Amino acid sequence: MANSKPKLNIGLIGTGFMGKTHTFGFAAANRVFDLPYDLVLRAVADRTDELAAAAGAEFGFETSTGDWRSIIDDASIDVVDITTPNALHKEMALAAIAAGKHVYCEKPLAPLAADAIEMAEAAEAAGIRTQVGFNYLCNPIMILAREMIQSGELGEIRSFRGVHAEEFMADASNPGGFRVDPAGGGAFADIGSHALATAEYLLGPITAVMGDFVTAIKERPDGKGGTRQIEVDDIGRAFLRFENGASGNIEASWIATGQEMQHDFEIYGSKGAILFTQERLNELRYYNASDPEGRRGFRTILAGPEHPPYGRFCVAGGHQLGFNDLKAIEVQGFVQAIAGERPEPFNFRAGARIMTVIEAIATSSKARAWMEL
Amino acid sequence: MANSKPKLNIGLIGTGFMGKTHTFGFAAANRVFDLPYDLVLRAVADRTDELAAAAGAEFGFETSTGDWRSIIDDASIDVVDITTPNALHKEMALAAIAAGKHVYCEKPLAPLAADAIEMAEAAEAAGIRTQVGFNYLCNPIMILAREMIQSGELGEIRSFRGVHAEEFMADASNPGGFRVDPAGGGAFADIGSHALATAEYLLGPITAVMGDFVTAIKERPDGKGGTRQIEVDDIGRAFLRFENGASGNIEASWIATGQEMQHDFEIYGSKGAILFTQERLNELRYYNASDPEGRRGFRTILAGPEHPPYGRFCVAGGHQLGFNDLKAIEVQGFVQAIAGERPEPFNFRAGARIMTVIEAIATSSKARAWMEL
Amino acid sequence: MANSKPKLNIGLIGTGFMGKTHTFGFAAANRVFDLPYDLVLRAVADRTDELAAAAGAEFGFETSTGDWRSIIDDASIDVVDITTPNALHKEMALAAIAAGKHVYCEKPLAPLAADAIEMAEAAEAAGIRTQVGFNYLCNPIMILAREMIQSGELGEIRSFRGVHAEEFMADASNPGGFRVDPAGGGAFADIGSHALATAEYLLGPITAVMGDFVTAIKERPDGKGGTRQIEVDDIGRAFLRFENGASGNIEASWIATGQEMQHDFEIYGSKGAILFTQERLNELRYYNASDPEGRRGFRTILAGPEHPPYGRFCVAGGHQLGFNDLKAIEVQGFVQAIAGERPEPFNFRAGARIMTVIEAIATSSKARAWMEL
Amino acid sequence: MANSKPKLNIGLIGTGFMGKTHTFGFAAANRVFDLPYDLVLRAVADRTDELAAAAGAEFGFETSTGDWRSIIDDASIDVVDITTPNALHKEMALAAIAAGKHVYCEKPLAPLAADAIEMAEAAEAAGIRTQVGFNYLCNPIMILAREMIQSGELGEIRSFRGVHAEEFMADASNPGGFRVDPAGGGAFADIGSHALATAEYLLGPITAVMGDFVTAIKERPDGKGGTRQIEVDDIGRAFLRFENGASGNIEASWIATGQEMQHDFEIYGSKGAILFTQERLNELRYYNASDPEGRRGFRTILAGPEHPPYGRFCVAGGHQLGFNDLKAIEVQGFVQAIAGERPEPFNFRAGARIMTVIEAIATSSKARAWMEL
């Protein structure tokens, strides 16, 4: 049936979990939202022709290739989507930018801030649109939280507590693989980045940090029958100062036994407070200090049509959005930015910024001293 | 790119909220699961050619029509999906069955149990596959709950408490429309059906009921500037007896101020208990009576890859499934049944059964006496 | 140090758990509240002189006796407090009333409603003050809930759900003792009475009931090496009609595996709703339908000084009251009633009323028919 | 009635909120526990004879005095209980110690660590028993948490998060009084001390700290119509290292809008984790990593008779202990220590230790550098 919208052809590089999740996001965004483009799964690349062909068939791409550069060289492709291991992001993204493609890249943008900054600068020079995948920020509840802060509804913001803790490295017999590589590894870089992104998304720029990185499990299997000493952090903490005058703390842990997705925050203002936990991503706990005496308390706001773009998914509150729905919202934001309808929601500059803050915290921890940003 | 799977062509009749949700489900199921068919959005019908064409473009159907019978007559169509107002279900479903199509129909199957039974019998006689959309049952947590019951993990099941309460009719100035029609309307038929479906899904057949229907808001606007007397229930309750020996109660309310999706249950067995609330659909609260003394308590199990088919959506626990994901699972079950890979998850017979139980409860309420089933 | 208050001499009959709890209540009430009397633990009676002497020393009574009638005959005693097994309440209370004592009696007032009514009538004829121990009602949060209902803050009250469920009889090897005696036993009489007391305390008189009593565990040990058939209910349910126009349901269960004190209610009005669970007795969940759109949700009100008499125990909110504190409040209410400062909070008439409603529900269950009250 | 126990005569100095709470504690402990002594409220002192006489009558003391030194000089008094403003603790305690009395003192022991240490040394030299009032530690749930840690049930303890946040200073128009005095004031000293006490009670000695104190509200009314600059912290944070190898963080805030008693902790070990919030002081959330796959989750353990000394208060779980009950347990521990039945639960040395850690954190914050302890 004739769809009058212009096509936006996607070329995906990388077909692991995040690659698959991105295709869910494209497919859903196409239907859930009234996008300015018709998203087309044009081509997918993996390490071999066979792997790529299999993924192409499974994910529904029109063509596939064992050579990622043929995605770059394909003139029909508008957007290059990179979901490969972190170490490959830079080369691929720079090539895509050079070819004039818009680039969508999973987080972290690159293992080192300097590389991420180079990528951001290249994108800005080329004038293309970029996006880094921080999907937790795409939650209608998170958007609501930011509105409540920016509108002054919570008054002057005074303090922030943020955490991103999981348990997937709590078992000391888990070798950890690339995650424990001295260059770019560690809990704070891996998942603390989510907590930092949330912090700046909600409160604005961080201006100073004091880090505290701890290696709790000092030895892990090396995957070859022996053991190796671990240098990267299992737990990373930081004190924070924000440009808006607030102070805060943040913690990342990948050894938090029992925690599956403790991406939580607490924000205290002069007129109210909000509390959030990602494991209940459709809820915001809100305290309004001007409620009448004897009737005050944290209320649980459930996501609903009053909290866009929830209403695109469900007509009534109480139906839950899920993780994959957030990815559809992420895609929507990027596609709208490509069409010039809105600023980029979380571009390479923002992704580089997170890497810069992470490095400052890591340096601060090593130096045992505060660092200005 | 060549997809070697056979196509399953879908014809959708009705393009409202549920029609849209179904297209989300088809699109997602195609990608999330490794289905035996490639689902194709072949044709969509609405009341006029223009409405149908608009929905076709928005939803991504290949063709559209203002005449639902042309969906029935289209030899290329394998599945007719009916999301029109309840009063139209029977005629459309019988026509589709007569044409040899598989039929997917939103709940309730028909306003009267007799009609629903007629539909079920027609489907069985024709040998086609049917499905009624009770998506709450498609939750991995609900599947887990049933396994825990059926495996004996909770011991002998002794009691059940179920509720489905919302607030959308709590405002007495809401006219209610078709929902308050004396024939087939009322809170219990509308949403109590969900609670009943959950009850029988988990505990098996109900054998006796005692109903208690209440019209709390006795007068509503008639939509023409006047008022009309309301006869249908705002709140419907029932005592239940199950074939497995358990007893229980159930309540439906559409005037439960503050409740958006209180589709909850509590089940008590001799070895344990489980508690669930739909507003936190990724959680099951579980009490194991054999935990050591001093360490007992209700634990919160979070849906994860250990609870199929969660792992098709996300690789790790703590990421949430949403309402629309349940619809994808519903589609998967139906498509697998069409391929003969599994029994129909919730066919017209099951849908008719729910209508029969609802009518028994309504009759019991009016007679103020227990009814056997 | 001279305490200028008149003394109120207490004579306690029965030294089990509730007897001990009452002495906690007297001691605490004396200090926490500014009572019109100085409460004096004057005499305690138990089955033998030895038992009574031991309890007297432990509890701090001035004298003790193995003959409860000497409590009645003691002219110095103002209040007779009865915490003996239920079957003994009537004889003791009537004797105390005849002697002109004020009488404080644990619940249930008597196994049969007729006896309880006789006790209430005797008390009224004698003009003495009486109290039945329904301590859950003495919670500042419960008092708040009633105020919110009676002031109209929740609007027209439409529905009530109440439950009192525990697990202490869930083990089929528990003989049950007096609790499973055909006369006066059963879960509904034992603990459903609490749920009923809460229902009428909050919503006012019940006018009609439909009961449903179930014996889930049909055989228990007889304590002599054999088994006996159980006739009383393990689970008792009822539909309710209230004089104020609301309808509701209620459930009592002593086989609710995992539940230690599920004394909960949900009340829905036209302007708001309140939810409560006894296991978090310092919290009331409150929904205000007039909160702004997008900011609505159930808030958790924590008991604090704004909710009298909380402030007598703690100067700030967030410090919790405990079960024994409720007993101190119960004592306060009774003592103030004795001094003529307020009506009796829950007198024998109210206690008899509960027995009457219980019997109506039991009769209704047996007759399988609604009963008017 | 003859009570054969020896008397322990109490002399209380100070009759404010904590003074009253202590008398609740003495009265309750006498009845709830089978103490080695009969506690006698012998004498109470306040600033004037009139105030003391009024409190004596209200609280039930035998005598009263306007001169606290007469409490010290009273040879019949065994225990001096000090609940006066902090600045007076030292002089009174040293006098009581010199007179050979056992001393019970509210927290903080003294505004400066040096003074607190002097008090501890004097007490040790005199051989008398001392106690500082950290009642949160007297919770059966807290005792359970420590047992789970010390027994190895949670495995190797890896991390700690602690907070004590309230909102009582969130309003910038609150002058703050003695709480904002540059010497000894501030949120961390005032309430962070509770979080520190919990941290060391559960995990053992802290060995290094990095502090971060923030004055969020820089100006408050001076109480004379003008304003004054505030120097003390509204929010105090610290990174922690423990002797047992764990690391952690801690936060104190008295401007946490909406929080009434957020005295919470999270502790992660290699075999499990526990979470606690003081606003639900009868609950411990516990994760057991060895629960079977698909059945893991944080369970809510409710305080019950399995968690001594809960059973002294109530015979069954699910009845809640309250704040004042914790004070009774605190009294019990001290009285048992006086009788030589157990070590002092939280003596002056422990109280001085808390002051030392607070000062180290404050110094660290000012120096912007880690401090060893």
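When the chains are written out, they are named A, B, C and D in that same order, and each has its own residue count from 1.
Everything below uses one rule, namely that a contact is a pair of C-beta atoms (placed from the backbone, for glycine too) under 8 Å apart; a residue touches a chain by one contact, two chains touch by 3 or more.
If you're wondering where the values come from, they're calculated on a predicted model, not measured in any experiment.
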Legend entry - chain C and chain A - chains in contact with each: B, D
Inset, instruction - Check A-D against B-D and say which one is joined by more contacting C-beta pairs. - result: A-D
Inset, instruction - Between chain A and chain D, tell me the centre distance in angstrom, where each centre is the average of that chain's C-alpha atoms. - result: 42
Legend entry - Chain centre separation in whole Å, for chain B relative to chain A (CA means): 34
Legend entry - Centre distance in Å when chain B and chain D are each reduced to the mean of their C-alpha atoms: 54
Legend entry - Sequence positions of chain D contacting 2 or more other chains: 259, 296-298, 302, 304
Inset, instruction - Would you tell me which residues of chain C are touching chain A in their complex? - result: 144, 286, 288, 291, 293-302, 304, 306-307
Legend entry - Residues of chain C defined as touching chain B within the complex: 158-159, 161, 163, 170, 172, 210, 212, 214, 216, 234-235, 237, 239, 245-247, 249, 251, 253, 255-259, 268-273, 287, 289, 296-298, 368-370
Legend entry - chain D-facing residues of chain C, complex: 1-4, 17, 20-21, 23-24, 27-28, 30-32, 34, 53, 56-64, 166, 168, 259-261, 278-282, 302, 304, 313-325
